[in-house]
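Right, one structure below, let's go through it.
Chains: A, B, C, D, E and F, in written order; residue numbering restarts at 1 for each.
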Amino acid sequence: MSEINIVEAPPGIEGSGFFATSLDKVVGLARSHSLWPLPFATSCCGIEFMATMGSHYDFARFGSERPSFSPRQADLLMVMGTIAKKMAPVLRQVYVQMAEPRWVIAVGACASSGGIFDTYSVLQGIDEVIPVDVYVPGCPPRPEAIIDGFNKIQELVKNESLRRRESPEYKELLAKYGIQ
Amino acid sequence: MESLSNRKKVLEQKPMNFWERMYLPAIFKGMAITFRHMFKPKETIFYPEVEREFSENWRGMHSLKRDEEGRERCTACGLCALSCPAEAITMVAAERKKGEEALYREEKYAATYEINMLRCIFCGLCEEACPKEAIYLDGPIVPADYLRKDFIYGKDKLVEKPLTELIKQ
Amino acid sequence: MEKLTNPSLIQKLTARFADQISVPAEPYGLLTFETGKDTITEVLKFLKEDKDLQFNYLTDITGIHYPEKELAIGVIYHLHSLRHNIRVRIKVFLPADKPVIPTASNLWKGANWMERETYDFFGIQFEGHPDLRRILNVDEMTVFPMRREYPLEDPNRVDKKDYFFGR
Amino acid sequence: MMNHPVFTDNDPQKETHTLNLGPTHPATHGVFQNVLEMDGERIVSGVSTIGYIHRAFEKIAEHRPFYQITPLTDRLNYCSSPINNMGWHMTVEKLLDIQTPKRVDYMRVIIMELARISDHLICNGILGVDTGAFTGFLYLMEEREHIYEIYEEICGARLTTNIGRIGGFERDFNDIAFAKIRKFLKNFPPIMKEFEALFNRNRIFIERTSGVAAVDPETALNYSWSGPILRATGVDYDVRVNEPYASYQDFDFEIPVGTTGDVYDRFIVRNEEIWQSLRIIEQALEKIEKEPKGVFHAEVPEFYLPAKEDVYNNMEALIYHFKIVMGEIETPKTEVYHAVEGGNGELGFYLVNDGGRSPYRLHFRRPSFINYQMYAPMSSGMLLSDAIINMSSLNVIAGELDA
Amino acid sequence: MSQSLFYLAAFLSVFFSLLVIFSKNPVHSVLYLIITFFTFTIHYVLLNAQFLAIVNFIVYMGAIMVLFLFVLMLLNLNKDTEPAKSNLLKMAGVVAGMCLLVTLVGSVKALNVSNPVVLTNPGLGLVKNLGKVLFNEFLLPFEISSLLLLSAMVGAVLLAKKEA
Amino acid sequence: MEIAFVIEKFIFITVIFALSLLVAMYSTLAERKIAAFLQDRVGPNRAGPGGMFQPLADGVKMFLKEEIIPTQSNKFLFIAGPSLAILTACIGSAVIPWGQDIQLFGRTIALQATDINVGILYIFGVVSLGVYGIMIGGWASNNKFSLMGAIRAASQNISYEIPMGLSIIALLLVTNSLSLKDIVEQQHGFQWNVFYQPLGFLIFLVCAFAETNRTPFDLPECETELVGGYHTEYSSMKLGFFLFAEYINMFVSSAVMATLYFGGYNYPGMDFMNSLLGPTFGPLLGMGVLFIKIFAFIFFFMWVRWTIPRFRYDQLMNLGWKVLIPLAIANIVITGLVVAFVNGF
């Protein structure tokens, strides 16, 4: 068990009984270890997500085993599987209903780019309707790849400033997708 | 209905006996089972630190192979692109010039060779289609990334490192 | 009851419907024949309810489109007699501009969605169907995508030319 | 853009209320929408909407050469993709009149039965989750992981396997694969027994499932049901026995059928099928021993890709190689229907061929699609909880449902 | 100490009971009513009637008001569904209110300054004493009321059965 | 009332309050860890050694998450719901005797916030209030899943209060007191009530599961049916309050069960240990024993949750009304007869 990467304490000024660090770092650290996913699983990748939740890969290690099916309570929207054009408005609505801060991970070829389904009925990548933070390639990605993508999200969360969500860039990004 | 196959095995629903009606014995039995699992060795693989051993047939990231002399094997025949159900492969062929014999094995080679890893479904058909044994899906898992454009893997990421560099490492 | 075979089935069918069904063929042992849209209900009913046939299992309904033919749209039924373990395929061809055929959903409830799917893909109108709406595609869709003239890919896509779709 | 049926409760005189179950409800596995009229907890009527992951498989199939359709079939019923793969291969083999050697058949049987086990494991596990017991599901997932390891050893992928080729397999099973299969046969039964002990005679579970959504055989046949849910009603229709493919006639196994067709029957039928599948795999392993070693494909050079060394050294092989990859094989102009017993029922492939590079028309008879249409009619009068476990017991796989 | 507590509780009781009447949202009304009952509980405690206090707490707050709330939540209460009140009904309401007012004024007028009540036995409200009183002196009324409740319960069950 | 007494009580209540919050906080971690261990997994292990800081991470995240109050909801009640839930969960611990009187700084301090002589009834009343938070929250969300969750919660809690109360009545026949302190003292020397009231304990246990909305009675939040049940619309710390309230409830009901049936802070050989350790550390050891019992119960709660399926709504009602209530009444009658027999009429 010794080789597990336990979170390192955020860099700060360490002294006897004195430990200071910027709030952003601590909050980012906390958030990154408590990302509750909303599994928006529509097809094959959802089955691999089950494997990720299962005992072999144990998503719980990252503090994310509580899937929140209610978008209000979720921090991370994991879009897994093909999103057809019929589904796109639903996906968007779920994203809009999520409480800030929220992150999106597109798992698998279908969600990221449409994959082999280059057809009239399939959305060619969910980034057409909602902003995506991390893409995970693979069809479906192995649990290792999903965890890898999740770790990338954790990195993102750790380094995000508390105020990013109020920044004009972020608002512009959302406006680009016509959200709020 | 009469039997269609003569191999019928009828599973009757047994009515519950007294103990089963009491709820508790079954619950305690179940709890005993779960409790036993507490002391079983854990199945979990600590992924980012420990990796499970993959089978040698496993299909991961593509790599464009070199032959024994370190020359690229690909001849840009386009069969892999043709066989790709996701249409994820593109390439531009070029004629080998004089003096490049040490670089490319055949007279034609792929000047650019791009795979869109987001489109790719890792089905292995390109590997099978290649007549030159130039492409294999024997790499690690393709890492996740932040931007869509970063998933176009060109020759810089796909081609195997030359033997000399491998030896250096 | 003796086992039903293809020849005896043909015999029974021709005895009942005579020239209303076309010459049957047997690709890979599966009896296939054509009939018209006026007789199809009766054929299905006969096959289902005749005591010796008992084609009580509707395996599938689907459509096909031959744009170059006069009767361009086809409806294909697969029936299965579980008792005799024999299948039969029935085809009905319809004109492309007015593909209308009576529904089978009053014989088999299972035909309901199969016919909706066929309608969705080919635009075949099933007369008497309780709820003929699109099933898989979005309701706003105006075309019937499985007809041959419609492309597979969405023509409105932008990213196909995009530099990061390496094609 | 909104496709949801309109549902409102504004009529003050209305006694019922409308509940929109799905498409993102946890129990609908993401993609089914059911607009239910509820009277308190009881469902009065319902309307199912599907097509939320419609991917136009049949249209794609018309544009792809035969061998490229295998990855598509993977994504039909992704819980048991090998069965779909094999079904497709066998359809094309039927079309091309290819006879596969017995050893290939037995290898296919092993793979297909493993796929059936993993399919039933997911279904029964999810049924457990939907009744509130999560742990049994995870125990089964551990074992499913071992099935995936076997796949990985054979084809290199875990879920969407793309396993096999027209005419056989892409490579022989290696020793590790056989060892893993044997290990699985040894380790899996105790876990399965544990799972059954957790559920089978637990009164809470029996009460939740027994008598729920009971279906009589006539209705089931009228709705064209097939697979375990049809067998749960008492009809022993199984394609493996009625129209044996891949030498299933050589195997000794039983078809478990239920008596009432309720959720509990479906559960025990699936469990029993898992045991029967294990029996089949054991027999297949024995039979493979007796067959000549190293045979893993039929001798059909026109359709089966030559070995890589041959491509390099043999001109004829190279030509075949190019022809096959370009999809320019000669095929008869005819039509063929082939059915296999998929995880959920009769999975049929109806292929109309005009001799071209790709099928003229390929239609999948998708059991989930056909089984699911009874869901809304049968849920009226049920409690919400019953409707949910009924849905999981139907084992509707979205990929197969929407194609 | 206890006097000031009494005044506080009394004020709260009156305040919240007024809110019960004046709040427009019926669910709010019920919630205020619950708080009012809670202040009654405080009064009981101040009177050293612990058993009564806790029973008030359990029965009124914990059970009856839950049912009230339960019913109110299931009613579709908004402007559209409000039943039209006829003028006759309004008139009847006014008359009844007047009558109540008259009675109250009359009783207040008749009020004399009375001596403060002194408890002869401060432990009267405790469980032990209450139990003794209940099961010795008032056994018959107690049993009769329990029979009454039982018959009410049986009746309720029968009524529910009839419909099913 | 002397000022030192007030200070003493104030400190004691603060400590108990903080303790129950701490226990609830780490119960969330324990739940995840125990679930993991029962399922051959390891559970959270990244946030701090063995996942020690996982609850902190969750807490920080929840505090800083955006608060969404649905436009269609009733704002006041929407906020009142979780507040009430956590309030009622917290006040339950007031009457539980945590230990014997302790000698500290030359004072004798009672390890109990208050010893009212209707302690059991008080607990009972507080428990019955617990449903308000859920009901109000679920209703105010203006979401059908929430409303159904709220309705389920209300009817479930009211139904199971009755057998709970009846099982306590049988206990009272044995103990002859409503004061928790008395009940605990009576169990001194391994005279635990569970030996006299096994059936009563079983009924109480089942009802405790139902009152805390734990599996197999977790119908109000029932993830696979109602998404999140009454808390579907809640985000951020308001959701945290609901989840927290559940764990505090679990803690309090474990404490009550330990107190009523398992001798509270009593343990075999207590007198000997007390004489050995003196009046300061002896009671502390007793308190530790009580906490061990509480943790055992909490583990039991979790163990059951991760093992068995949940009931259906009507089956739950059947169990409550048709099985538990008759059983509880029979228990009262039998207990009454035995008590009367032993006391010689």
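By our rule, a contact is a pair of C-beta atoms (placed from the backbone, for glycine too) under 8 Å apart; a residue touches a chain by one contact, two chains touch by 3 or more.
No experiment lies behind these values; they were computed from the predicted model shown.
Novice: Quickly list, by label, the chains bordering both chain C and chain D.
Specialist: Touching chain C as well as chain D, we find A, B.
Novice: Minimal path length between chain C and chain F through chains that touch?
Specialist: The fewest steps needed to get from chain C to chain F is 2.
Novice: Which pairing of chains accounts for the highest number of C-beta contacts?
Specialist: B-D
Novice: Let me have the rounded angstrom distance from the C-alpha centre of chain A over to the C-alpha centre of chain B, please.
Specialist: About 23 Å, centre to centre.
Novice: With centres defined as the mean C-alpha position, give me the chain C-chain E separation in Å.
Specialist: Once rounded, the distance between the two centres reads 71 Å.
Novice: How many Å are there between the centre of chain A and the centre of chain C, using C-alpha atoms for each centre?
Specialist: Here the centre of chain C sits 45 Å away from the centre of chain A.
Novice: Round to the nearest whole Å and give the separation of the Cα centres of chain A and chain F.
Specialist: It comes to 35 Å between the two C-alpha centres.
Novice: Would you mind listing the residues of chain E that make contact with two or more other chains?
Specialist: none
Novice: What positions in chain B touch 2 or more of the other chains?
Specialist: 4, 27, 30, 33-34, 37, 42-44, 46, 85, 87, 116, 119, 121-123, 148, 151, in rising order.
Novice: Among the residues of chain C, which ones contact at least 2 other chains?
Specialist: 82, 85, 136-138, 145, 152, 165, in rising order.
Novice: What residues of chain D sit close enough to touch chain C in their complex?
Specialist: Result: residues 3, 50-51, 54, 56, 58-60, 62-63, 94-95, 219, 221-225, 235, 237, 242-243, 334-337, 339, 346, 348, 350, 352, 360-361, 363, 365, 369-370, 373-374, 377, 402-403 of chain D touch chain C.
Novice: For the complex, give me every residue of chain F touching chain B.
Specialist: For this pair, the touching residues of chain F are 37-42, 303-304, 306-308.
Novice: Tell me, which parts of chain A touch chain F in their complex?
Specialist: For this pair, the touching residues of chain A are 1, 4-7, 26-27, 29-31, 33-34, 55, 58, 60-63, 65-66, 68-70, 72-73, 75, 97, 99-101, 162.
Novice: Where on chain F is chain D touching in the complex?
Specialist: Per the touch definition, chain F meets chain D at residues 35, 38-41, 144-145, 148, 215-216, 218, 222-225, 227, 306-315.
Novice: Flag every residue of chain C that touches chain A in the complex, lowest number first.
Specialist: Chain C residues touching chain A: 136-138, 145, 150-154, 157, 159, 165.
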